[in-house]
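Take this structure first; my questions come after.
Order of writing sets the labels: A, B, C and D. Residues in every chain begin at 1.
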Amino acid sequence: MSILTDQNRSYYNLTELKTDSDNRSMASKTPVGFIGLGNMGRPMAKNLLRNGYPVIATDVFPESRKELQDLGAQVFDTPADVAEKADRILTMLPSSPNVIEVYTGANGILKKVKKGTLLIDSSTIDPAVSREMAVAAEKMGAVFMDAPVSGGVGAASLAKLTFMVGGPKEEYQAAQELLTCMGANVVYCGAVGTGQAAKICNNMLLAIGMIGTAETMNLGIRLGLDPKLLAQILNMSSGRCWSSDSYNPVPGVMEGVPSGNNYQGGFGTTLMAKDLGLAQSTATNTKTPVPLGSLAHQIYRVMCARGYANKDFSSVFQFLREEEGQ
Amino acid sequence: MSILTDQNRSYYNLTELKTDSDNRSMASKTPVGFIGLGNMGRPMAKNLLRNGYPVIATDVFPESRKELQDLGAQVFDTPADVAEKADRILTMLPSSPNVIEVYTGANGILKKVKKGTLLIDSSTIDPAVSREMAVAAEKMGAVFMDAPVSGGVGAASLAKLTFMVGGPKEEYQAAQELLTCMGANVVYCGAVGTGQAAKICNNMLLAIGMIGTAETMNLGIRLGLDPKLLAQILNMSSGRCWSSDSYNPVPGVMEGVPSGNNYQGGFGTTLMAKDLGLAQSTATNTKTPVPLGSLAHQIYRVMCARGYANKDFSSVFQFLREEEGQ
Amino acid sequence: MSILTDQNRSYYNLTELKTDSDNRSMASKTPVGFIGLGNMGRPMAKNLLRNGYPVIATDVFPESRKELQDLGAQVFDTPADVAEKADRILTMLPSSPNVIEVYTGANGILKKVKKGTLLIDSSTIDPAVSREMAVAAEKMGAVFMDAPVSGGVGAASLAKLTFMVGGPKEEYQAAQELLTCMGANVVYCGAVGTGQAAKICNNMLLAIGMIGTAETMNLGIRLGLDPKLLAQILNMSSGRCWSSDSYNPVPGVMEGVPSGNNYQGGFGTTLMAKDLGLAQSTATNTKTPVPLGSLAHQIYRVMCARGYANKDFSSVFQFLREEEGQ
Amino acid sequence: MSILTDQNRSYYNLTELKTDSDNRSMASKTPVGFIGLGNMGRPMAKNLLRNGYPVIATDVFPESRKELQDLGAQVFDTPADVAEKADRILTMLPSSPNVIEVYTGANGILKKVKKGTLLIDSSTIDPAVSREMAVAAEKMGAVFMDAPVSGGVGAASLAKLTFMVGGPKEEYQAAQELLTCMGANVVYCGAVGTGQAAKICNNMLLAIGMIGTAETMNLGIRLGLDPKLLAQILNMSSGRCWSSDSYNPVPGVMEGVPSGNNYQGGFGTTLMAKDLGLAQSTATNTKTPVPLGSLAHQIYRVMCARGYANKDFSSVFQFLREEEGQ
């Protein structure tokens, strides 16, 4: 399930955001490098193959490489090897240290990158690291863009991801050509790092809205309001937010959301805690006060410590409710 | 400006919430009592007069009584006097102690209330006080309903308020007949006190969403994002909320909202702090954890102490930003 | 175990706080009323008996009355009955509504109180309620003082309580005469309500210090510091507080505190949550920002909901730690 | 003024912490390198000179180098130059990036460090960076220790600093020999990084205690308590902390602290915000929940944005109070 759900549909009507896949020539495509074949990277790389791009891939785990190889990708041992063969490379990695290693490590991309190569990093990391990578790439004559995604494994498989892209405007079209093979929406955000910034900002506000909705619904129920009626009132009023109208955390209020399925599926608390940690670090580094974002981070961090790590992040409703029998 | 703005339009399509003013007989109306002729009460009472209801009114301030008298209302000295003359009485008072005094004081309504009188309190107060008043009224054979409003002085003048009503279901229609003279929307919320509960819940989530939006927009701007673009991205994504898409706190992002007018007009910080105080007390009394609501309360409380008391509550964006020259 | 432990010893050296029990005549004592014979009230009343005061008591529970009767007290059915017989009355009740009922209810003290009676309330309640009771008592020609206690059941049994007293200075000596039979320390705080204020303030800062110590110790341990060494460093430095040096929440750092006994005994989380609720209400009513006090309240409220209600309040260390196996 | 004040005196009685300056040979001392001659580094380097150590120094600012040169130090252009000449080097730098540059940069210490060199970093930085530097130093055959200080410019001038030291136990004595020339207390904390950890932990708890004291004192005053009496009660009770008994933030309660001097001098809000940022980053990286520490960070961050950057951190009392005329 995607964090960005039906609401995204409106994207398609926004001319400036529209992608134009018709112009892409389907013949004689040059190979695309792909580094990081995890839960997200694998389906993304497959979608490149499906769109007719030869893929040159690597991953630290041989079995991940093997799977792509079986689907027709050419696989190599190191990022540097990939950089020798491809002049457009995507990376999809778990965290900042991995990105630093894959780009600037002993066998990193930048050891062998060709001049003019387009490097697109879809990892969710600190925007300051994105900017560092961009500087390092530029020294080698290459271009680095950040393009983190919204949407989970399902959206990756269905090529329904949303990409938020930061980097030089003049390279955006080239990036967009590849990203539209893997996502339904591609948004240009500005200079390098702003893709990360947009994702971090969205997820911080999302967390605040979700916890706020959970405590508000809980309070209303304690005060004698019917949860469905309360949700209806909020959604017609100024309390309305995505968590109240599209992903309500109270079991029984909405269908098709994790709260109706014992908080299985969806976007895990541990992932939200990670994104809030990035928001916190970024805010700390830029000396920006984020009082609610900071408290939201702490709440999800405590939840991770109290058995909610793998539940959907809307389980904060359950966390705040009184236990049975108390 | 109303807290509940354009979004309310959808109200009109909700059959169960629709008011039916056509059935109201415009002739031979019995008088309606009105107690509390302040900034909100005065225009509300006027709308009753406009709808052909004789009004029997009082207020602690003689000049407020005088103004209504000049418009054709009959005025008396005390709530008890009004209770002797009217069997439907509305009250619109600043806070819980005023409500307690007007209903149960030495010259209060309940000293002289007639059996079967319908008492409707539109003050925003602690739902526990509403329930106490209902019990006291019942002892005298009267019926008490709580019906707090959303919308400010402008909405009161234009009869565009939203009423959230709690009390016996069988009395709701009678209350609705009067309330539709003063408001565009009337929502039945359940037992007595639930009208207050709904209002308190909405405003708590509103405050959380507003502070969250302010800190998120501030963080994004610091990270190099264009504010309009960031608002656009949030509003298409899961960070979306009323404060981001209908009342954005960043100057220049939207038109026709207080952020574009130096935070003049709108819903004052001091009023938001009052409502959050009610939410906090209610949560404390029901032992409900409301971590973000509680911190939102503290932030608006500090703002009141630092010169923001009379600015619109979206000025939290300004409060959190770094000062010029820092 | 008392919240105020060894540190209190210094009390004895403070001349202005010294109690002078020698002047009390031990003969021909007039009776003292005692209302509220719960876990705290019972041992307090017994200490009055031990000091030679005839006790006239009541409680809503007949079995509590019976126990005192067997020890020599005269018992009656209602507070009004006690008020008829005694001109010095102590009350020890669970919360504000009980105090209001016992003083101003249909069979309350004030129905039959004699002019000149000294009323001392040792309940922990909202100072605003204390002030209301004082006004009501004054109307009947009686004097009301608030005198909440620090120290639990053990301290009550051993007459080691600390009383914080608010009320007319000229009545303080009379109050002190009785209170020194039940406590080791009696502190005069000022006008009526200031006893409650002092207790609420102390416990709010105590909660903040405890949670702060818990999270600091936890962070230090995660960063590789030995807990005993970290406590030693903090206690020699500016991080020092009562929770770090006298009641450390980390098992193994100190002996004789609840953290060494699986957080049994001590001061329960649910009691701390109650006191923080009072602090919160008081702060809300006086429009005082208390950001950390407010968050501390929320944390203890969540803990109550998650199984920590009956553990000592230092168990917040355990609450914040990562669970086994995570 | 030192954050660690009179309380430190007890240090001297702790045998395991006692420094033994008698064993230091005062003749034929080998030179000591010193990098970072800012407000803190300059007086520290002077104290080495005063103790008879030849000093070999550098700084990015020529005028800072000049001042030390005039006092008898030998100065060089780069850290690498210093590393060539000295086998014991101290560094005192503003933040993590400076430390990384000075150690691992193009002209950094590690470019020319001699095998067996003892490197002592007194900067306050992220313990993870300390550990990285230790690994990098070890690769070159050198030993890195972290030794951040408590105490400000005054304590540095008077050689009254407190050093918290992390690193190999077997190197501690050699480090201690130098550090005792500049400080009154040297505490061994454990493996490399634990010196930073101890400092960060202390300052986080200090900030929590200070804000807690400020809001508690403010609440008590609002409730009618005399500030001096309230401080006295807290300090005899479980609310006691360093900020209440040794550095009270309320003007007039204590003498000789910044609150009595319009919050001039002392430990600036901006420095506290920096240390809380480090605590926050460290907690985020180790997935440790620090709810009050996190909120304290946000409060000091907002204060920096609202004109309190250069006031002592106890000015949070002033920040939370209502403004004149409100």
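In this section, a contact is a pair of C-beta atoms (placed from the backbone, for glycine too) under 8 Å apart; a residue touches a chain by one contact, two chains touch by 3 or more.
On a predicted model such as this, the values are computed, not experimentally measured, just so you know.
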Quiz item: Thinking of B-D, which of A-D, B-C or A-C forms a repeat of its interface, with over half the contact pairs identical?
Solution: A-C
Quiz prompt | Relative to chain D, chain with the most remote C-alpha centre | solution = B
Exercise. Measure off the straight-line distance from the CA centroid of chain A to the CA centroid of chain B, and report it in whole Å.
Key: 40
Exercise. Note the residues in chain C that touch 2 or more other chains, in rising order.
Key: 287-291, 295, 299, 302, 304-305, 320, 322
Quiz item: For chain D, which residues are in contact with chain C within the complex?
Solution: 3-5, 7-8, 10-11, 14, 127, 150, 162, 164, 187, 189-191, 193-194, 196-198, 200-206, 208-209, 211-213, 215-220, 222-226, 229-230, 233-234, 236-244, 246-247, 279, 282-283, 286-293, 295-296, 299, 320, 322
Exercise. Give every residue of chain C touching chain A within the complex, in rising order.
Key: 295, 302, 304-307, 309, 319-323, 326
Self-check item: Complex contact set, residues of chain A against chain D
Solution: 273, 277, 280-281, 284-285, 287-291, 294-295, 297-299, 301-302, 304-305
